[in-house]
Amino acid sequence: MIFKAVLRVVSKLLIPPIMLFALYVQFHGDFGPGGGFQAGVIFASAFILYALIFGIDNARKVAPAWATRTLLSLGLVLYAGVGVAGIFLGGSFLDYSVLAEDPVIGQHLGITLIEFGVGATVSGAMITIFFIFAHQDG
Amino acid sequence: MFAGASAAILVTMALALFRAIRGPTIYDRILAVNAVGTLTVVLIAVHGFLAGRPAFLDIALVYALINFIATIAVTKYVKFSHLGHPSGEDERGDV
Amino acid sequence: MALLADIASWACLIAGSLFAFIGAVGIIRLPDVFARMHGAGILDTLGMGLILAGLMIHEGFTLVTVKLVLIVVFIFFASPTTTHALARAALNGGVEPVVDGKNAPAAETSERTGGPSKT
Amino acid sequence: MLQALSLGAVLYGLWLLLSGHYQPLLLGLGVASTVVVVLIARRMDLIDREGHPVHLSGRFLLYIPWLLWEIVKANIDIARVIVRPKMAIGPTVLRLKGTQKSELGHVIYANSITLTPGTVTIGLEEGVLSVHALTREAAEGLISGDMDRRVTAVEGAADGRGEHGA
């Protein structure tokens, strides 16, 4: 397949930094604006850019349906798992303080895991939604 | 001084928006909206300094990124009427 | 020294705002979509660049400056790309550039005529 | 493989610049993120001489100041044209042959032209660029071929063998 050069080269250059930026936003939710939702959207937007330039079929090869669905559900499971773990360890749902010996470390761990779950779910959902829209005709 | 710059950017945005509303073609509108997006990036950055919170720069970077991808997506949508790979003349399959 | 930096920062902000404003005036005044791209080009390069440069000078040499540089670099990559995509979409959508002067070759891209006519 | 490593190094540098927090946890997360991104980029087939043109970076850095100065000059010219009550514009479309050897070089040339106000690349087909120029001066500046020569110099002499996949 022949792709027009300018868009192909520039997007090839920009997609890896965009994905890295998404992960930066993911893990620096404590320090600045950001967190799971935003990171998920940015990560998905890198995929959407790939799909726009290189075609839906290639993008589907990179991120097949089972992969995005697994990502989506894994994020949800992680979120619920952290919440339920709080109950089992003697707190209430989503009680981070009981996750570790030291409540502060526990809270930190809990929030990081929850944000990661949110990010995974959001990016999976966004990519899935994009593919569903794009497969429509006209 | 940042307030002055913000005001200037807002006036500039209003001018660009005028073109976005006037048209006449869809491409004029996309061009104007893209310009408004760039100005928004600058406005967010300036506002971060105005509010003394340089963490706003992350948001500005995100906005620049979304502006880029959104403009390409809209351009592609306008050109092919859908976002997927065109079924027909596939050699023109990008924007 | 601080005063000098303040003056430079001020000058950059004012000049950048001025260029952005002129670019927007260009977007309004110029006759067709291809000409308007030049106005948007002013806004995207020197307008945006000078305002952010003013912020950089104000901030000094920190990680904040690095992020400003990243924004400028990103826009310098992205802006011509979107302009190019838009120009191709406009040509494809049947908008012909207004040209004056008889020496201009036909304003079609080779993607519709089937190949480059002359170089 | 080497290119994947160098992409990883560049991305990790970007992480350090973005982050600003140098605790072991975040440094470790940075390594993990970099590895994930490089793996996805490999899967997307982005890592080759086009997607990661690190071999050009030295000469490209030398090209940037010249390009910036051109952008400043062109900006002033076009701004002057726009603010005159009667705009002295003469839009033309011209075709140029880029003398670069690879498509990457053509893309650098095309984007440099578009970044300079007064000229916009509206088509790029196998090394032939269609350029919309707002004024006669802008068109003449391009026809003189100075920018073309400099971009070709950025590409370097020994770079004609095309890309090889990573």
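Points worth noting:
Per-chain numbering from 1; labels A, B, C and D assigned in written order.
Convention: a residue touches a chain if its C-beta (ideal position, glycine included) is under 8 Å from a C-beta of that chain, and two chains touch if they have at least 3 such contacts.
Predicted model only: the values in this text are computed from it and were never measured.
When the C-beta contacts at A-D and at A-C are tallied, the pair with the greater total is A-D.
Chain D has its Cα centroid 30 Å from the Cα centroid of chain A. In this assembly, the C-alpha centroid of chain A lies 33 Å from the C-alpha centroid of chain C. With centres taken as mean Cα positions, chain D sits 14 Å from chain C. One finds 24 Å separating the Cα centroids of chain A and chain B. Of all residues in chain B, those touching 2 or more other chains are 58, 61, 65, 68, 72, 76, 92, 95, listed in ascending order.
Each of the following residues of chain A touches two or more other chains: 4, 6-8, 10, 13-14, 21, 31, 54.
Shown for chain C are the residues in touch with two or more other chains, namely 23, 25, 37, 67, 70, 74, 77-81, 83-85, 88, 111.
In terms of which chains touch, the assembly is arranged in some other way, matching none of the line, ring, star or all-to-all patterns.
Interface note: chains touch in the pairs A-B, A-C, A-D, B-C, C-D.
Those residues of chain B whose C-beta lies close enough to touch chain C in the complex are 1-2, 4-5, 8-9, 11-13, 15-16, 18-19, 25-28, 30-32, 34-35, 38-39, 41-42, 45-46, 49, 54, 57-58, 60-61, 64-65, 67-68, 71-72, 75-76, 78-79, 92, 95.
On the side of chain C, the complex with chain D involves touching residues 19, 22-23, 25-26, 29-32, 34-35, 37-39, 41-42, 45-46, 63, 66-67, 70, 76-77, 79-81, 83-84, 87-88, 91, 97-101, 103-105, 107, 109-111, 115-119.
On the side of chain C, the complex with chain A involves touching residues 74, 77-78, 80-81, 84-85, 88. Residues of chain B touching chain A in their complex: 55-56, 58-59, 61-62, 65-66, 68-69, 72-73, 76, 81-85, 87, 90-95. Taken together, the chain A residues at the contact with chain C in this complex read 4, 6-7, 10, 13-14.
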